[in-house]
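There are two complexes below, and they share chain A, which is joined by chain B in the first and by chain C in the second.
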Partner chain A sequence: MHLWPAFLRLDGMDGSMKAGVMRMRFAPYVEFAKKAFAREATYRMEVATEVGSLVLRVYLLRSLWTALYAQNAAPMNLPLHSMITYATVALLMSLILEVDGTRLIREKLREGSIATDLMKPISVPFYFFSDGIGQTGLHAVLVIPSLLFSLLLVHIDVPSPAVLGAFALSFALGYCVNFFINFLMNSIAFWTLETFAIQLIVRWVSDLLSGQIIPLMFFPGVLGRLVVALPFAAVYSTPLLIYVGVIPPSGWASAFAVQIAWLVSFAALSSLVWRAGARRVVIQGG
Partner chain B sequence: MPIIRTRDLRKVFRSPRRVPGAFGALRTLLSREYEEKIAVDGVTMSLEAGELVGYIGPNGAGKSTTIKMLTGILVPTSGEIEVAGVVPHEARTENARNIGVVFGQRSQLYWDLPLVESFELLRAIYGIPQAQYRRNLDAFIELLQMDEFLRTPVRQLSLGQRMRGDFAAAMLHDPKIVYLDEPTIGLDVVAKEAIREFIARINAERGTTIILTTHDLADVERLCSRIVLIDHGHVVFDGDVERLKNAYGKFRTLVLAFDEPVAHPVLDGAELEEADGATARFRFDRNRERADLLIRQASERYRLSDVTLEEPDLESIIRRIYVEGYAQPEETPR
Partner chain C sequence: MVAAYLQYWRINILTMLEYRANFIMWFAFSIVYHGVALGALFVTMRQFPSMNGWSFRDMFFLYALWMTGHELHNTLFFNVVSVPDYVREGRFDRFLVRPLDTLFQVLTVPSQTMPDSLILAIVTLCVATAVAGVHVDPRFVIGVTLVVIGGSLIDLGISLVVATISFWFVRVDTLRWVVMSLEQDFTRYPISIYARGVRIVLAFIFPFAFMNYFPATYFLQKAETGLHLNPAVGLLTPAIGLAWFGVSYAFWRFGLRHYQGTGS
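The block that comes next holds the complex of A and B.
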């Protein structure tokens, strides 16, 4: 059974045919993304609340870091304005990264509706990914008002276009790593439906160890070296450190390499886990 | 060439034995003990293109399990399946293009979206050309009277409306084969009739091969000329509905109502089943006796206020097969 990479198998075709097939093969996924966008957009209250709570958190973090910096000027050579930029950009990133398209795995396994998707001529994991992209699309739109409101409260450094480009690339890689971390977490549901505790713990740990709240270089000694080596760092920390310049242009290549390494390993692992999970479904009947 | 063929199809479910008590869930997860459940036990059948077959059996007989194996989402334990030239569980997506599925208990529509958006999504999923999509959708909107709720989120539809939506969703891509698993369950009489009409037309006009599982024999009487009866995973009968009725239902019941009480009514050629003075029930073999002659005989002997002739219903015949097994009764030549 070729559940996972079937949509990528295009070998042995000439250029124009490939383009046609690509369009045809990707059409369902574009549609999944559009529908997810539309679906998310219907939850208007939630959307407004989200922007409101984000702006509030920007304000709180600014006050917190300002107070902490008053005690200890520029720890680790990260000046206060960089820290506030870091914290604000991290919050804006979280609007996009908190989207979890693979939550569908867990929900569909619980309801037993995964069978309906397996009865369609589609790659189901790629369906989850495109659903996530659609939700992300809506959340990306929210970044704009959130940013505007935040700018009333805080000043954010804007780096050079080259740095912004490197940040965008690193963020995209982090987004994909995050997708596969979520994918693996939700796939636990193939073996036991009681995934809540595991999810909660992983959530806490990743919030703390991804650099979303505290820059990872603030962790002391061995712990500091350990958290940087964990995959969670590839999600928030790497793009953010590129943004504020702690990772200089000379370090970009190796930073991307580490992110790509995580991405490839998690993608491979996810593929194995998905095969095993789907196999379980087709043998045991969900 | 049959379009669907199975040989000795078996499915045995193996699940870890549940451990009760504290940490039961964990111990169940680690346990090496299994229970086995034979859901389908050697089903052999074949369908020609364009047939509409009723797949009938009591709860737990293995109907849904068979359908799931035919769709490719369940791997058989042993035996062979071929559907439109492919082995479903080995070529899941290829098989998916040939089939449409409606499960009465489960919707394939997207819960949060207006009905029509689920259809659009399916158009993209199956790559249905725009013209074909428009033609099918228009036809289905009319046949299933969907225009009033086309833009309603599926979540807000009534069961009858949702089922109509599900039928349209299953047929948009013109599948060669359609599996219907209890599609009329829970519907009211009007909705049932609309669905039956739709099934009959799809089969007649498009030549779609259909397997229909149902517990409602009225569906079968209305739609199917052939039925496959299954019990405990075994096929107990496969053939013509008329033949079954003929073989098992060769008896008719003549019910007489008398003007004035008759103590011991008698009819030559018929057997008295029940009598209470005012009415009497006579059973006769319709292949040996003629109903009109029996009625004439009765009216010559007694003063009748009413006469009714009862046919055996499919339900009572099938109930008898489950109890006694199917032993081909000798068919009296007429």
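The block that comes next holds the complex of A and C.
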């Protein structure tokens, strides 16, 4: 508990002391992230398999969309090169978005070690977030070889710096929305330990409804309007549609606003669920 | 051995009755897993009605054929997929000191396996057969049953190879996952959309094309445009399944001789 008193006295300190305390405040989380990065990097064969599988998938999507575009009219002004760009960028994004730092919640609840974590002078949800960031860090590094190999197979459109910037911002928002969706899913473990099937169900459904597999505008009629209104669209669809230009600059502001709205609501919900869950652990005595 | 096998199913059923909620959740996942694949195919093919001459109805049948073989594998042989876990946890070693065949022992570790997904697959295959307008006669029923059995053996071969690799490389979770999902992805489409090299790999090296593409071409009376073979090769699936299983079983035995355990 030694960190807390110092950090509560923050207001009464001079600048250099404040900086020192801030470092202390964030240092543990940086360490958590570094540890997660190192842990993931240990398994070299896993890493190589992941890159290899991604490249095979890029090949698959090229074959698929090329065959479909060769025999049918291009739908909705989305030419083949945009479609291939969309699908490839979606795959590269999935390298990062499929990381689930909050999986630890479930594991720790199962083993009971969550109790000692709750006693530590750290914010446990933020610990999961930094662990996720560390794993993401490794996967972000993997994007580079994956991208290079992919470029041997497909041509990816590169938009203007402004569009890339908007994409990056939207992707960051999507990453956070995704974090909280995972967080909520894993928090179900506070109430029942058999959550793995529920999680897989949500993940599968979200792959389809987030626009990762196919662009959401391919969904017909009411279904199309419904999938765009769901939170999953904020994870993949919004950044990708900004990237390929289906969402023009004039639509960026409202697209970000929707993502932020989902982010804020899920963050609020997560904090409620976490508090209720942590109280449950305390009542049960771990 | 037969008695031991029957006991295995008895324990599975008792386990299922004990963990009913869990059983229902996993069945729901099965529906979602295949539902998402078919849903994505349906939405895509509303925009693009033809894939190298295959309509959504044809593709539905193609998928259902793979699904049934795959689910038969999952029902009878899923424990092979768990071998890497046994190896890592040191539980595999006990099979080696018992007098029964190692593979048989692996297949009869009590698990939560039930034939629910297989039933789902058979129902899906029946629906797909009707939707695709395949002519159903006794010859078709026998043919499709043999194809499904052969398909499950092809799947078993792959599972055995991955399991054997885990004797040397302990952590193969990603490989196992990747192989499973790539198999589902690459078998979903007619092989004519791939480059020639990939078609040959899918037909003759990892013979997934025999799980569904070749038999579907035959049953749907389509021309085989991938490798320009006689569509009747689709009926060779049971033989290919046996051969591929034989090769992978030999690899498994080879692996067993070199197995050293993890020391855990």
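Basically, the second predicted complex is superposed on the first by the 265 of 286 C-alpha atoms of A that agree within 3 Å, B and C clash if a C-alpha of one lies under 4 Å from a C-alpha of the other, contacts with A are read in each partner's own complex, and residues count from 1 in each chain.
Here, contacts are C-beta pairs under 8 Å (C-beta built on N, C-alpha and C of every residue); 3 or more make two chains touch, one makes a residue touch a chain.
Source: prediction; values computed, not measured.
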### Task
Could you tell me if A:Gln71 is touching chain B, chain C, both of them or neither one (first, second, both, neither)?
second
### Task
Figure out whether A:Phe32 sits in contact with chain B (first) or chain C (second), or with both, or with neither.
first
### Task
Applying the touch criterion given at the start, work out whether A:Ser113 contacts chain B, chain C, both or neither, answering first, second, both or neither.
first
### Message
By the touch definition at the top of the document, which applies to A:Ile260: first (chain B), second (chain C), both, or neither?
### Response
neither
### Message
Which partner chains sit in contact with A:Leu169 here, chain B, chain C, both or neither? Use first/second/both/neither.
### Response
neither
## Note on the structure
The shared contact residues of chain A with chain B and chain C are 194
### chain C-touching residues of chain A, taken from the complex the two chains share
43, 45-46, 49-50, 52-53, 56-57, 59-60, 63-64, 66-69, 71-72, 75, 194, 197-198, 200-201, 204-205, 207-208, 213-214, 218-220
#### Entry: Complex contact set, residues of chain B against chain A
13-15, 25, 29, 65, 68, 71-75, 89-90, 92-94, 96-97, 99, 101, 103, 106, 108, 110, 112-113, 117, 120-121, 124-127
### Query
Along chain C, where are the residues that touch chain A in the complex?
19, 21-22, 25-26, 28-29, 32-33, 36, 39-40, 43-44, 46-52, 169, 171-175, 178, 181-182, 185-186, 189, 192-195, 198
### Message
Under the definition above, what is the set of chain A residues touching chain B in their complex?
### Response
1, 3, 6, 24, 27-28, 30-32, 35, 38-39, 42, 112-113, 115-116, 118-122, 191-192, 194, 281-285
